[in-house]
Structure formats: C-alpha cells, structure tokens
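Accompanying notes for the structure given below.
Chain nomenclature is as follows: A, B and C, assigned in order of appearance, with residue numbering initiated at 1 for each chain independently.
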Amino acid sequence: MSVQSEGAPAHRPTFAALSARDKLAKSAPFLLLPVLALVGLALIGTWPTWLTLTVSGLAMGMMIFVMASGLTLVFGLMDVINFGHGAFISVGAFVGISVLAGLGDWTGAASLALNIGAVLAAVIAAMAVTGALGWGFERVLVRPVYGAHLRQILVTVGGLIVIEQMIHVVWGPDEIFLTRPEMLKGVTLFAGAAIETYRLLAVVVGLVLFVAMRLVLRRTKIGLIVRAGVQNGEMVEALGYQLRLVFVGTFVAGSTLAGLGGVMWGLYQEVITAGMGEEMMILVFVVVIIGGLGSVEGAFIGALLVGLLQNYVAFLAPKLALVSNIGLMTAILMWRPEGMLPVVRAK
Amino acid sequence: MIRLFSGEGPRSTILALILIVIGLALAFAPFLFPGVRALETAARICIFVVLAASYDLLLGYTGIVSFAHTMFFGLGAYGVALASTHMGRGFTALGVGTLAGLAAAVALALVIGLFSLRVRAIFFAMITLAVASAVTVLASQLSAVTGGEDGLVYQIPRALGPAMRLDLEIAGVTITGKILNYYLVFAISLALFLLMLRIVNSPFGRVLQAIRENDFRAEAIGYRVVRYRVTATCLSAGFAALAGSLWAIWLRYVGPGTTLSFEIMLDILLMVVIGGMGTIWGAALGATLMVLAQSYLQNLMALAAGATEALPILSRLLDPDRWLLWLGVLFILSVYFFPTGIVGRLRARAAR
Amino acid sequence: MSEPILTLEGVETDIGRYHILSGVDLEVPRGQVTMLLGRNGVGKTTTLRSVIGHWRAKSGRILFDGQDITRMPTPAIARMGLGFVPEDMGIFSDLTVEENMTLAAASGPLSPKRRDRIFAAFPPLATFWRASAGTLSGGQKQMLSIARAMAEERRLYLIDEPTKGLAPAIVSTMAAALRELKREGASILLVEQNFAVARTLGDRAAVMEGGRIVWTGAMAELATDAKLQSRLLGLSVEGV
C-alpha cells in the first residue's frame, strides 16, 4: 500500500516534550504531600511526635481514600452524585464489626494469623453486603434519575436517611464499642517512635489498594473501558461495550470500597454509630472536591493531604482541626477551581 | 385577598382551603388549643414556615442546592442570644441582635454567593455541606463566646415572658406574656411569609424562575444571572436569619442542637420537597406537616409499636424514634411520584 | 442485485423539540461507497447517529443486513459489525494511541496484521503509538478515528466528515485509506462536505435537504452534471 503523506516525521516528535513549567504544573499536586510533611516537621519539631502524627495522618488518609475512591469514580464515569455514599460506610462498619464480634475466639487469640483471618472475614462480609446494597441502591434509586443532578442529590440523601434508620432498626439505637483483635492492639516500634500497630496496617492496606486500583485502571481492559467512559461514554458504546453494565459494576465497586472503609474506620475509632458514614462524608466530599471529580489519583493525594493536615493541626491547634480542612479546600479551589487533577470530559 | 399581597394565589381550591385552615389555626392557636405543648408546636410551625420558605427561595426558585442554610438560621438566633446576654434583657437587645444576625447572614451569603461562581453547582452543594459542618463544630468549640455545646440561656423582655400575666381572659385562657410572645412570632412570621410571596411573584421573582429554567437563555436575553443569583442567595439568607431571631426570642435558649444541626437542615429540605419546590405555599404546607408529625406522629407510633410488640421487627420499625425512617421513605417517594410536591399535585388536580 | 446492507425507511428523528429528520428513505448497497451529501444542517450527522443509535428514531425503520435495529441499544448495534467514525472524532484524549486502538478492537486483541496495515496507511500513528492521544494534531486524531474503525472487520462503516478542517496533504492520506477499504469490498456510508473528495471516492450519492433524501443515483451521474450539482448542493457552476 503506497501512501505518501507529508507531515509525518520518522523521528521522535520533540514538540510532545513539555516545558519545565508544564512539568511542574503537572506534578505540583503530588509535591504538595512532601511539602506539607516537611512543614509539619518544622512546626512540630520533634521527630518521634512528627512520625507518630504522620503515620496517623497517612492511616486516616488511606481510609478516607478507600471511602472516597468509589464516589469519585462513580461521578466521573456516570455523572452521578451519590449523597448516600455514607450509608455504605456505616453498613459496612456494622456488618464487619458484627462478624468480628462473632469471631471472638479468633480476635482474642494471640495469633496474628487468626486475627487477620477474623478481620478478613469481617471485611469480606462487609464488602459482600455493601456490594449487594449498592446494587440495589443503583437499581432502585439512582437509575431513574440519571442526568438529573438535583433529583440525584435529593433521592440519595433520602436513601441515606432510610438506610441509617434501618441500621437502628437492625442493630438498635446505641453506638457499639469494640476492641481491636489482640495482635493489632498496642504499638510497634518503628523508626524511633511508638506507632499504633493498627495504623501501620491501615497505611499498608491503603497503599496496596491504591496500587491495585491503578493497575486495574491502567492495565486491564475493563479499566480501559472505565477510563474511556469517563471521557466519552457515547463513543465507548459505539465501540460495542455495554456501558450500562460497567456503570453498575463501578457503582457496586464503589459501595464495596465504602464498606471496606467503614470496617477499617470502625476498627480505627473503636466505636461505630449509625451516623458515622454521614460524618465521614464531609471529609470524603472535601477529598473528592480537592482531588478533582473522577480522578482516583486526585482522591489519593487529597485524602492524604486531609489526613496529614487534620492530624498536624489537631496537635498544633486543636480547635482549628475541622476548619483547617475547609481552609485547605478553599485554598486549593482558589488555585484550581476544578480540583487538583480533574478529568477532562469530552462533553 | 391573598391575591392582593402576592399576585399569585394557591391556584387550587383544596390548597387554598388547607392554607386557610392552617392560617386560622395558627392565628387562634392559644385559644383553640390550650396547653403549653400545643403553643410550642404552633410557634414552631410559624418559624419553620418562614425558614422553609426562605429555603424554597433558594432551592425552588433559584435552583441552587445548598446544605448550609442552617448557618443563617443560627446567625439570626445567636445574634439575639448574644445581644440579650451582653446587653441585658429588653427590646433594644432583641432589635440589635436581630439586625446584627441579619447583617452577618447577608454578608456571609454574599461571600458564599460570589464564591459559588468559581465552582460548579455540584461542587457547591458539597462545599456547603462541609462549611455547614465546620460552622457547627466551631459553634461548639468557641464556648467562651457561644456557650459551646450547652448553648446560651438569656432573658427576654418581661412583657414576653410567661411570668407576666394580664388581667384579661379570652375564651377561658388568661393572657400571659407567653401568648404575647406567640403573637409577636406569629405576626412577624406572617409578614415575612407574605413578603416572600410578594418577592417571588414580582418581576424579580419571574426572572429567577427564568434563570432556573434556562440560565444560558436568561443571560442571552440580557439578565445578569450572577446578580440575580447572588441577590436571591442574600434574600434567602436574610429571611432565614430573621426566622432564627424569632426562634431565639421564643425559646429563650440557643444552642448548636436547636439551630445548626444537620437534622434541621434535612428537615427543611424535606419540608420544601414534600410540600412542593418553587411554590412558597409548598414550604408552608411542608413545614406544617413535618412539625405536626414530629410532635404528634411520634405518639401515634409509640402506640403502634406497643401494639405490635409481638412482632419485634415490626415493632422496631414503628418505634417512635424511627419516625425519620418513614419520613425518608415519604421523601424518596415524593421525589419520584410527586416531583412537584403536594402543592403541585393539588394544583394539577385543580387544573383538570 | 444483492440486498442493500443498510436500509432506512421513513426515519424521523427529533432532537429535543426540533424535527431534524422528517422521513429519510435510504438504501446503502453492499460493497460500495455511498456518499451522503447536502448543505450544513440538513441532517446528515443526525442520520448516521440515528443508525448507530445515539439518537432514537421517532418513527420509521432501520434495517441492517435485514435485521431491524431501530430500537436496538447502541452497543448491540456496534457489535453487529458497524464501525462508527463520528464528526468530533471521539478520541479518548487521556488514553494512548495504543489504548484507543485496543479498545476499538472490542472482540479480541488487535491482530498484528491489522495493526501493520494501519501503520502503513497512517504512519504518524506508529510514531505516536505510546503517546497520549490528546497530544496528536487534528489530522492525526482524524487518522486515529478512522484507524479505530479499521481495528476489526466491519460489515458497514459509518463515517462522518473525515476530512473536515484538514490540510490537503492529510486529506489525500484519508482518501487513500478509504480507497483501500473500498478495494477490499467494504460497505461505507460516508458524509462528506468536500465534493472533490466525494466524487472520487463515491460509487453512489444521496443528497439530503430539509431532513429528507431528495436525490439518489450513481456518483458518476452527479459528478458530470454541473447543473445538478448547483441545484442540489449549491455549488458554483464551475463544479469544484
């Protein structure tokens, strides 16, 4: 086949290389993390305290990321706002903790294997229930209001209220206290500071999840479909993919992750209430906003920023803790009104 | 007569009748329903009608979804509380407090309104949620100023207090300061409500509706959408603050739980949606329904829960503490099946 | 004379309150290139989009290879073997060229043979294989858009204005690629504003006006009749 076309150089295109300024702009969000950490170190002063707070912050951030990732992906792909996301967090926590309570022998044992086994069982149960709940939620509440943001907000808030109340019906009106499994209690000596074992675990789990999500999104065909769908759902359908199924799958994945986040958070706080999901939603929203709707990386950075900031400020100026997150959100929106790493939509 | 004030009537005989009944019931509440509880409910209805209507101005007429409305309510309430605490009892304190709260609310609304222009509508909704919760936490934490979690208790003019008794009896009820307080609340609430009706049925209100339908078009025709939106936000905040001030005068107590809680925000949302968005009348209807439900439905549910004790799940579902569950279900149903709310439904019937 | 691969019967499509198609009757013969011509706004794009299902026909029938696809959801229609190249190219800018192509080969991995053919037809895609599709120039994006349609064997290609806004050099690349498809016996329904390109590629022509087809016939007939061109397409008598 002979085709002569001008304007197609055989060499590596140089214009595709970004200027130093553009490179900085692209990586700026990622750089915020070490910058914040260093500022924290400067203000806090002592290494062990800083390390403890940083690990706490990262742990908290990871858990918020787990909860927020589903929400941001659902919005990016389906253009759906789910104000009821917090319900999945709460339900996940209650189911997980109930399973954990039932496996008292395992959690009480001085065996890490049994402890982890119990936690895994709790997590799997929580994820199964919230996944199913998410499926139902999408079918019944969300599907009829595709494309109508106001109604989505209203309906999902309604769903949140109803599910929260149902938690009360099933588990009673009171909060439930719990203790962590035996081997996950207490502290571990890490790099010169005594860090709560569970928090270290949370950081590890969060990292693993983030890496796993990135791999799925970047290396698998389904991840490809999701990333393409976020940009141009219509074209994805025109290529033969059933975007509807991908939607449902993403929504269920999101609710499952929220359930996982709920269990993790419950173990972190050592108390669960029906309203805990609702309370977390404030931070989840802040994270999703500053990360950029639809961006998993953005949510990751945003969550870690929020976690770190919250812990640093709680130590330095306790009364300003929650307000500091609003301040962070305002600052970032002033800098980038669409969030740090917004997804470019074709529409 | 309603037409005189608002230019747009209820447009449905049934609705008009219901509203008249509500109006009369509230006007003569102290005499029709003697007792402390009934009066409390009536006052609560008056104030929440104004609050819900102010939210409808925002949500129903301007199309802006905000979860920070209780902030303005709280500003009005805390204004009166702080003024009364620091200036001593008296009408001056009430006046100063109300004006201060109003000014603060409008100023804050201005800032928020301008900020909302930089971000998308969805962002805005989420941001208001975050801001509202921050303000609630702040109010609890700055206890030196706001009395923290416990709130502020203060004195109001003696003339409005329950201790004051007039040598006057109407329909077997002695006129006390409390009743005078009630009529103050009622009169001002009515005035504010009618004022809001006037506003939405004025040219300004019509432009708002046009913007809500299609803001691109409105801008193209020549209306500065930004100005209208910000003005509507400020008006909405102002009315909410005034409602808050009335609440403070009535309760003689202000705290984060009575003014800033998310429960109240949800209540207002439910009131407006169930009643009918973008109608103002809907807010009145919704508020009345919700407050009555809160006060009396729970009793009913307690009875029902007791009666079904044999079936634990049913009993727990009917537990009076679970009234929000049923309201939530009603809310969801109304979004789907009555998107125009009760008012919309009644009007549709009347039109047929 | 074999059955047409695509038939539209009395198709009416509305967009919102606007009647765009008011009864389109069209037959696209097998193995030929049918040009859909007409001025701006007559409904050419809407016709293609109605076939692929992005917009639902209000009434009428659309038959693909004998099957009624009027109410079928878009993914099902696409999987029947329709390759769609939209007017706005529909490139996924955040994905690489390779990823765009992988997606386009929906039923299996992209065969190396096909990939090489695409590279031969559109060399820049080879150069930019691993680059983000958003960094491509307009012409290169258009190449990618058509290349995606070529990622698999398609029974019918629906192509919407592939040469719009492109430099002449790139237009000739496009034309060559489309000629190649034609040589292989593909059935193509092509919307093209550029009559010079249309006349060299098309076997048949269908002209639209006011939401319906007002003339169909052999391209040869339209190409040689300047008066007809002027009447139907508003082209100057010299015939571009």
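Note that a residue touches a chain if its C-beta (ideal position, glycine included) is under 8 Å from a C-beta of that chain, and two chains touch if they have at least 3 such contacts.
What you are looking at is a predicted structure, and each value in this text was computed from that prediction instead of being measured.
With contact taken as defined at the outset, there is no chain that touches chain A as well as chain B. Closest chain to the protein centre (all Cα atoms averaged), using per-chain Cα means: A. Chain A and chain B have Cα centroids separated by 35 Å.
With centres set at the average Cα position, the gap from chain A to chain C is 42 Å. Rounded to a whole number, the gap between the C-alpha centres of chain B and chain C is 57 angstrom.
Only residues 1, 3, 5-10, 12-13, 16, 221, 224-225, 227-228, 231-232, 234-243, 343-344, 346 of chain A touch chain C when the two sit together in their complex.
The part of chain B that touches chain A in the complex is made up of residues 63, 65, 118-123, 125-127, 129-131, 133-134, 137-138, 141-142, 262, 266, 269, 273, 313, 316-317, 319, 321-322, 324-325, 327-329, 331-332, 335-336, 339. Those residues of chain C lying in contact with chain A across their complex are 52-54, 73-75, 78-79, 84, 86, 88, 90, 92-95, 99, 102-104, 106-107, 117, 120-124, 127-128, 131, 134-135, 139, 148, 167, 169-170, 172-173, 176-177, 180. Residues of chain A that touch chain B in their complex: 75, 81, 141, 144-145, 149-151, 153-155, 157-159, 161-162, 165-166, 168-169, 173, 278, 281-282, 285-286, 288-289, 293, 319, 322-323, 325-326, 329, 333-334, 337-338.
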